[in-house]
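The following pair of complexes shares a single chain, chain A, combined with chain B in the former and chain C in the latter.
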Partner chain A sequence: MILDNLFYLFVFPGFLFVAVLGLLVGWVDRKVSARFQFRVGPPVLQNFNDFFKLLGKQTIIVKDSVKSLFIAAPLLAFGTLCLIATMVGMALFFEQGFHGDLLVLMYLMMVYSVMLVLGGISTGNVYSSIGAGREIKLLLGDELVFILVCLIPIVKSGYAVNLEAMIIAQSDGMFIGSVSGVIGLIAGLLCIQAKMALRPFDIAEAETEIVEGPLMEYSGPLLAFWKLNHHIMYVAYPLVLVVLFFGGFNLQGIGILWAVLKYLLIVVLMIIIKNTNPRLQIDNALKFFWRVLAPLAFIGLILAVLGV
Partner chain B sequence: MSKVPVGPFHPLLEEAEYFELTVDGETVIDIDMEIGWMHRGHEYISEMSSFTQSIYLVERICGICSTSHPLACVHAIEDIDNIEIPDRARYIRSLVGELERIHSHLLWLGLAGHFIGYDTVWMWAWKYREPVLQMMELISGNRNHYGMMRVGGVARDVEPEKLPELHKHLDMIEEKMKMIAKIANDDPVLKKRLKGVGVLTQEDARNYCATGPTSRASGVRGDVRKDDPTDAYDLVDFKEIVLSNGDVYDKLVVRVLEIIESVKICRQCIDKLKIVKGSFWNKVEQVGEGEGCGRYEAPRGEVFHYIRSDGTNRPIRHKVRAPSYVNIPTYEASCKGISISDALITLASVDPCYCCTERSMKIKDVHNKEVPDLLTLSRNKTEKIRREIND
Partner chain C sequence: MGWYNKRLAKSLWVFHVSGSPCNNCDIEILDLLTPKYDLERLGIKLVGSIRHADVLLMTGVMNKKIAPRIKKLYEQAPKPIFVVAVGSCPASTITFKKSYNRVEKIEDVIPIDMYIPGCPPKPEAMIEGVAKLIGVLNG
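Moving on to the complex of A and B:
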């Protein structure tokens, strides 16, 4: 039993699976972005090379930083993401879950942002501090919308706060087939975009403004882990949306193809949004989340209660 | 309150320059500028070279306005002796100058896209800039430093068989620019990001003597091509683009519309080159005694060259005033009171060219004692090396 759990956490669908798939999907992102921009793009294994090269580089730890926090932040964020991936993967591939796992998932997705903030402020660098401040504001913006988005499938599946139950509830029709489902997916997609720090919401890590913000002082293996975290998010977060709105995977026969298509659809939508938008200012982003997206998600929720 | 350093090396700046933003939270309340990180002593070197060498030297002041500086320089030298140039040379000069404006504005457009995180615009703008460089290569043999200007005319003729290909590239550029103008007009996110950001009011533009697209976006008329037409600018038909809001969005639109006007000028020049035959250069043997001023509307604004000659073959004083020198201080007016993200795109919005602007600077240390400037340090080092070699 313990061996099984370790296998789930470290091999499939946990760490090893999401890390390898994440680095591969990172290549899809870079390649599609490159084709958008009339570039050739990197070879398939580029992300692996980058990761292993960074692992071998020197880590410089800022003298005045809070060392324990500085080192712990990327590793804890990594652990959090592996846990998210395992929980979603268990529901998707093994149809296992526990009551209330969606709530845990929502908490864990917030913990990642908190880790980014802690890593940023532990250095005392002015860019990192600004970036951390922006990350907190952005979290305040997207969290409300994300909670509303998660409520939509909860309502539609008969008030089940359980990933497995949601998948079962969608076995005779995906939630995306309804109006509230579509609204939920749109709002959810933009929330994920903000949580993953992709454009137009890469405000906390704005390269040409505050030089990668919280990640500024990171180097070597610690930076490699932050990069790996970002790639893992490319797997874990879209899969959450697959569970919530696309009814999970049916891994038999033609179902495998459908599973891949569902996942790639979300990833490609994210890449398109990323490549066709400039970075917003933080105040505009907050206005967007609170004044546009939150009412939209709320309407979606009301529609879900009405059964539309 | 804390201080955010931008530079000397920062992803926003392609060149070394230092800005210190004093911020309260995310709001910029003060900005301090420090120029003098890239001083190369061009004026000094020019005074040690002959007139011909000076022209090629000032071409290397800036890699982007690499025909504006030589053009203003030859205007200044021609002003000393009132040298006339043949008609064909006038059209070729304007053609090269306008092609440079197109490529410079496209370069800025791409960089501005990159600075607001719109990398797709960056790559697209630079893709459309490529044919301009190819046209330059076709005309002059070089993609970046053209070496086309010469006292009394131009250095090379544009052969008639090259003209149709130039037309073809221009058609493509015009079409794409209209597309970009449409995108700028339609994209709500882009408008949200740029409208009302970093406003330089008309009054401030006047007070800071801003020039070029920076002032024209604020509603201040002023274009050397219209006000003091040299070369072929009084022979061709074009509009001066003036907008009124003075924000970053208007600066973008001014540049896009100027590209379309430049394409128009290029077309007219090419058509005239088919008709106007004759020499492209009046031979000039010697420059007499006296002083001359040369102006040209560089992509960033008015570039001004002053040359004094004592009748020998070299200038005894060569003074350069690049447009960024007056545009950079406008940050004082436009950056205060806005957020950091807005302030940084405003810093880029005047299309600053720091290497054009550089002046030597004197630094005082905390005890108010003067620290030797870079030029002195460099000379001292050369002296030291020379002494060591001699020993």
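Moving on to the complex of A and C:
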């Protein structure tokens, strides 16, 4: 039993699986982005090289930082993401879960952003603090929309709050086949974009403006963990959308192909949005979330209640 | 160490600092990072923070005002770090030989691992220089 759980957490839907898959999908992202700019792009194992290189570099602990927080933030964020991946993976691959795991998932996704904020503030660097402040504001913007988005499948599956029940409710027709499902997916996709700090919402980690914000002072293995976190998100967060709107995976025969297509559809949509949009200012991003996406998601919710 | 050096050679992140050049070398470095030459296929990436860097790209003769700052940058970088001096300026001071405010010898400020001469060097020459660095790392 204990061994099984450790296996789930560290090997299959958990750490090892998402880390390796995430580094590979990170390559897809970089390659597609390179093709968008008429470049050749990096080799397949580039992200693995980056990760192992960073593991071997020196870590500099900033003198004026809150040292415990500075070290703990990337590791806790990493643990949080492994937990998210395990929970989603258990529902997808083994149809297991516990009552209310969607709510836990929503909180864990928030915890990651909080860790990014804490890591940023702990360094005492001006740019990092600006980045952390922006991350909080962005969290205020996308969290409301994300909760509304999660409510749509909850309503449609007959008020079930666990992932497994949602997959079962979609066995005779995915939620994406309805109007409210489409609205939910659009809003959800943009929320995930903001949570993963991809353009146009990479406001907190703007590389050319505030030098990767919260990550600026990190070096060596701790930076490697931040980068790995980013890659794990590429696997975990789209899979959440797959559960909510595409009815999970059916891993038999042709179903495997469908499963890969569902996942790739979301990832490619995210990469296209990322490569065709410039970065928003923080106030415009908040306006976008509160004035455009929140009403849209709310309309989707009302439609879901009406059964459309 | 051989295995690690191979990883390092495939993923050199570059931080660019301009130590009082005539600015032409900087412009040429920016050309180098455009899609035409596409350094990402060699794993090279321009980073904005010295904490993430593996290579410190330096241009210019280094005058007395910027010298302490470059020294500080070098000390802030996580080791191992390679310093690559771009242009004929750091190599032989050329036009600025009689300048009153340049430091006597830039090797006294920071150790330099490689020079890429040229005024300014072509992007192709810089790529060749970086390829040589990669070759040294690969042994």
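Here is the rule we use: the second predicted complex is superposed on the first by the 308 of 308 C-alpha atoms of A that agree within 3 Å, B and C clash if a C-alpha of one lies under 4 Å from a C-alpha of the other, contacts with A are read in each partner's own complex, and residues count from 1 in each chain.
By definition in this document, a contact is a pair of C-beta atoms (placed from the backbone, for glycine too) under 8 Å apart; a residue touches a chain by one contact, two chains touch by 3 or more.
Quick caveat, the model's predicted, so the values are computed rather than measured.
By the touch criterion defined above, A:F246 lies against neither chain B nor chain C after alignment on the C-alpha atoms of chain A.
With both structures placed on the common chain, the touch criterion links A:R30 to chain C but leaves chain B unconnected. In the superposition on chain A, A:F38 makes contact with both chain B and chain C.
Legend: residue contacts after superposition of the two complexes on their common chain; A:F52 is shown touching chain C, with no touch to chain B. In the superposition on chain A, A:D202 makes contact with chain B only, while chain C stays out of contact range.
Once the two complexes are overlaid on the shared chain, A:Y218 sits against chain C while remaining clear of chain B. Of the two partner chains, chain B is the only one touched by A:P278; chain C is not.
Contacts of chain A with chain B, set against its contacts with chain C after fitting on chain A, overlap at residues 37-39, 207-208, 211. Listed in rising order, the residues of chain A touching chain B in the complex are 33, 36-39, 126-127, 129-130, 133-134, 199-200, 202-203, 206-211, 275-284. Residue ranges on chain A touching chain C, taken from their complex, read 30, 34, 37-43, 45-46, 49-50, 52-53, 56-60, 207-208, 211-212, 215-220, 223.
The residues of chain C lying in touch with chain A in their complex are 4, 7-8, 10-11, 35, 38, 40-41, 43, 48-49, 51-52, 54, 76, 78-80. Residues 2-5, 10-12, 25-26, 113-124, 127, 189-190, 192-193, 339-342, 344 of chain B are the ones touching chain A in the complex.
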